[in-house]
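Listed after this line are the structures, all set down as structure tokens.
Same chain, two partners: chain A is paired with chain B first, then with chain C.
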Partner chain A sequence: MDFSGLNVAALLPELLVSGGGLLVMALHAAFRGRQDRQLVWVSLASVVAALAFCLNPLTVEPGYFGSALSDPMAFAGRITVLAALVLLLPGGVAYARSRNLPQAEYLSLSLFAATGMMALASAGDLIVLFLAVEVLSISLYCLAGLMGERESSRQAALTYFLAGSFASGFLLFGMALLSGSAGTLDIAALGTGLARVSGTGTQWVALGGVVLMIAGLLFKVGAVPFHSWVAEVYSGSPTVVTAFMSTAAKAAAFAGFGRVLLALGSVSEAWVPLVGICAGATMILGNFTALVQGNFKRMLAFSSVAHAGYLLLGLMAVGAAGESLEAVIFYLLPYVLANAALFLVAAKVSQAGSGNYKLDDYKGLARRNPWLAGLLALLLLGLAGMPPLAGFMGKFMVFSAAVRAGHTGLAVLGILTSVVAVFTYLRPVVYAWFHEPEESGALNLDGGLAFVVWVAGAGLLLLGLWPRLWLDLCAGIGV
Partner chain B sequence: MELNSNGVALAVLFGLALALVGVMYLAATYLGPKKFNKAKLQPFECGMDPVGSPREGGLRLRFYVVAILFVVFDIETIFLYPWAVSYSKLGLFGLVEVLVFLGALGIGLFYVLRKGVVAWK
Partner chain C sequence: MDIKTLLELMFGLLTVASAIWVAFTPKLLHAGFSLLFTFFGVAGLYVMLGADFLAAVQVLVYIGGILVLLLFGILLTTAMPTAELTVGGTRRGQGLALGMLLLGLLLLAVFRAGWPLSMNALPETTASDIGKGFMTTWLLPFEVASILLLGAMLGALHLARRAGEDQ
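Up next, the complex of A and B:
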């Protein structure tokens, strides 16, 4: 057999991260849990090594006979996932330790989930895509139930498992119909394969495949009408796990989704109306539901539904000629930075306050820790899309891509719902700055959390002022 | 309509199967004798009298864990067979891939043993 197309180096980031996960498991078992405090360093070492290999141009060639790609999309997806891990793992371990959750299992499952996410972003064929989706989903089901003594966590795990398996079924059946009618498993070749069968009876099979696959992917990204699991799973899971789900998992799912839709650009008339309706409904429902939440964690959950709507709008543009995934790639990184930091802040503020993520906990935060209140405002305004923060550039790029692709109505709807979102995000800020504190005493951040919040804030500002930095890096590595 | 053309034979078979099942169900419902007694209405438990309520105790989670472990190593065999058959063609590459696979499973097994999952208490 000829193995010249193998190029294991293309998968090195994934291999390093999954190897780190295995090592954490093995060390935990070997030391019978006595050295668990050191395991976070092992995990971070594997993540940093993977980051170094992503930046290494050695991995540009596709590997495993075209199944593993290293294009700008894969690069951006991998970096986004790894950045989320760097931000979340130290805080996550501290969270797990303080609540007596299994730390080693948290770390290794997070690394396994990240392996799936990275593979999803770099999947070149449908089988790898499905395997990646399953690896990330199964790890996340377990992570959702990590706080097993709490009913809400068990319920979140089961809900996520049932909804996710259902979605996987859709995805798999759609993939079977699609690859059967296009005659290929190669994602990039799906478009030409489908062009060959257009006009024959097979095109209806292909259409069924496209619709089912999109339904499965909409489920995974939590878009309307498949969003009902989001609130329960996000609010029931341990907060650090929710942070991981709503950032890295969502970014990876959108990377895979984008790759599939990019390949189906030649049959865009089949899916653009469908995705358009879902995008509009997701923006409206996500933003208005987030507006009325009195619970910070649920507010972030619905806000992440709303962001899925904007990202879908960005994906719709790739159906039009000449549009790339640039807008979506750009949108994801600041979203991930801001959300990861906000969930960790939410865990901290809630622990110091009511313990159940009430928005009232933020009252008078500026008196208790002005820096934290300032950074909270920065992160929330970044999510809302205020210039000069990166959220603004992300929204601007998504909306202008949509307008160029001829979806002006949806872009206007997106802008209007963004205005609604500003009210949602301003509420905790107003509470923090213009209300009297219910509890007195300073609320000090530990070093890890302060690092995360500062890095995320600086990232939002830097990417907002200098967006080409990230885009040029993506384009320069992969092409 | 040709009987052996695409799909027609399959449709006829499907229809016949449905009809047969329907006829048997209806026949059993209308023709079968219905003489119930206490023993007949009891849940079946291998010929013994049932003990206790099915709600108490239930199935222990341990059974599922063992079943999952079984499936994992069952799948290992499924992968090993084709590798063994085409060993000469896959050569060193195949050997390395299988070792990676076995290594990952081995770490999993080590973890499971250390966690005391298979210690039946």
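Up next, the complex of A and C:
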């Protein structure tokens, strides 16, 4: 047998992260849970090693006979997922410790979920794509359930499980029809396979496959009309898990989604109207629903629905000739940084205030901790897309890609809904700076949270001022 | 009508009829047992299509493993064996609309497709090719599946333990 196509090194980041998860399980068992405080360092070490190996030239060749790719999308997806892990794992462990929840299981499942996300971002064939989606979904269902102590958390886990399983059914059925009609499981070859059957009766099978698969993926990313689970799951799950779901999992899903749509570019007339309607509806509904929320966590949940709409708009541009995934790649990293930090800040502010994520908790935050209030404003304005922050560059690239691809109407809709989003994101900022505090006393951040907030803020500023740094890195690594 | 077509029709009918029963019976236990016939019918269809390995896996894993586990789960949970499910309910309209849409899409695909036949002869057995595939081209799915099972097991064990006594 010929093993020259194996190139295990291409998969080193995934292997390191899943190995970290296994090591955490083994150490937890070996020390009978007495050394669980140290396990977070083991996990972070495996994540940092994986980050280093993402830059390794050995990972540039595709591995596992084409199942694991190393293009810019795979690189950006891996880095984004690993960055989210670095920001979220310490906070998650602190949360688990303070509530006497299992730390080792949290770490292992997070690392397994991240393995699935990274495999999804670099999947070269449909089988790996589906298995990766399942690895990340099942790990997240378990995380949502086991990190919770309240009834709402179990409810969220169950809702997530049911909605996710339903979506997986659609996804798998669509894949079966699509690969059957195209005669290949290789994602990159789907386009030529479909071009071969176009005009014959088989194209109807392919059409069914495309529609079902896109429906499954829309479900997974929480886009309208399959968004109904998002609010309940995101607001019911423990905040550290919600942050992971809405950042890393969403980024990975969009990476996989983008790769499939890129391959289906040759049959774009079949799916562009469908995705276009969903993108428009998602932008409108997400932004307007976020605007009226009085609960910060629900506001972030709906804002992440809105961002899914902008990302869908970016993916639609991929269908047109010559557009790469660059806009989507760029959009993801600042979105993940800002959201991860905001969810953790939300947990902290809520804990110090009402305990149920009311927007009123932010009143007078500037008096109690001006640095935190300033960084909160920076992160929220970054999400809103204010220059010179990275969110602006992301939106600018997505909208201009959409215009170049001929979707001017949707781009205008995107700009208009972004204005609505500015109001949404400004409300907590106004509360923090121009309202009297309801509670007095300083609100101090612990070291871990301060690190996360500063890193996310600096990342938004850096990526906004020098966007080419990140794009060139992505383009240079993936060949 | 030759014997092969007759068998295919029989297995198809068995699958569809028992699946309808699964969906519409209000008794959970009946649905579970009816699923047995659905799985068996699908296994029969696999055999008719020359997928011998897949048929064996279908019987071993779905009937022998998943279904038995499902029935145990129902029978060992108090109040579950006699539980009456609400079939339909408030969202009947939505479900019907979605189902009809899906049915229309699939019927369109089924009847418009020419279903071209491959000129290659069917392989004698498929197991050895599948085995080789798992160790070469499809090595990564094989490994990712192991992470999937491990994660699911870890989560399930912990969720079950928390529901019972602590640790």
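The criterion applied here is as follows: the second predicted complex is superposed on the first by the 476 of 479 C-alpha atoms of A that agree within 3 Å, B and C clash if a C-alpha of one lies under 4 Å from a C-alpha of the other, contacts with A are read in each partner's own complex, and residues count from 1 in each chain.
Rule of thumb we're sticking to: a contact is a pair of C-beta atoms (placed from the backbone, for glycine too) under 8 Å apart; a residue touches a chain by one contact, two chains touch by 3 or more.
All of these numbers come straight from a predicted model, not from anything done at the bench.
S.K.: Which partner does A:Met25 reach: the first (chain B), the second (chain C), both, or neither?
M.R.: A:Met25: touches chain B and chain C.
S.K.: Would you check which partner chain A:Ser139 touches, where first means chain B only, second means chain C only, and both and neither mean what they say?
M.R.: In the superposed model, A:Ser139 contacts chain C only, not chain B.
S.K.: Using the touch criterion from the header, give the chain among chain B and chain C with more contacted residues in chain A.
M.R.: Of the two chains, more chain A residues are contacted by C.
S.K.: A:Leu6 in the overlay: touching chain B, chain C, both, or neither? Say first, second, both or neither.
M.R.: A:Leu6 sits against chain B and chain C alike.
S.K.: Have a look at where A:Phe65 lands relative to chain B and chain C in the superposition and call it first, second, both or neither.
M.R.: After superposition on chain A, A:Phe65 lies in contact with chain C alone.
S.K.: Report for A:Val211: first if it touches chain B alone, second if chain C alone, otherwise both or neither.
M.R.: A:Val211 sits against chain C, while chain B stays out of touch.
S.K.: Do chain B and chain C touch any of the same residues on chain A, and if so, which?
M.R.: Common interface on chain A, chain B vs chain C: 1, 3, 6, 22, 25.
S.K.: Write out the stretch or stretches of chain A touching chain B in their complex.
M.R.: 1, 3, 6, 22, 25-26, 28-30, 32
S.K.: For chain C, which residues are in contact with chain A within the complex?
M.R.: Listed in rising order, the residues are 105-106, 108-110, 112-116, 132, 135-141, 144-145, 147-148, 150-152, 154-156, 158-159, 162.
S.K.: If we count contacts the way the header does, which residues on chain B are in touch with chain A in the complex?
M.R.: Result: residues 89-91, 93, 104, 107-108, 110-111, 113-115 of chain B touch chain A.
S.K.: Quick one: which bits of chain A touch chain C in the complex? Just the residue numbers, please.
M.R.: Its residues touching chain C are 1-3, 6, 11, 18, 22, 25, 63-65, 67-68, 102, 105, 108-109, 112-113, 115-116, 119, 125, 127-128, 131-132, 134-135, 138-139, 141-143, 145-146, 177, 181, 200-202, 204-205, 207-208, 211-212.
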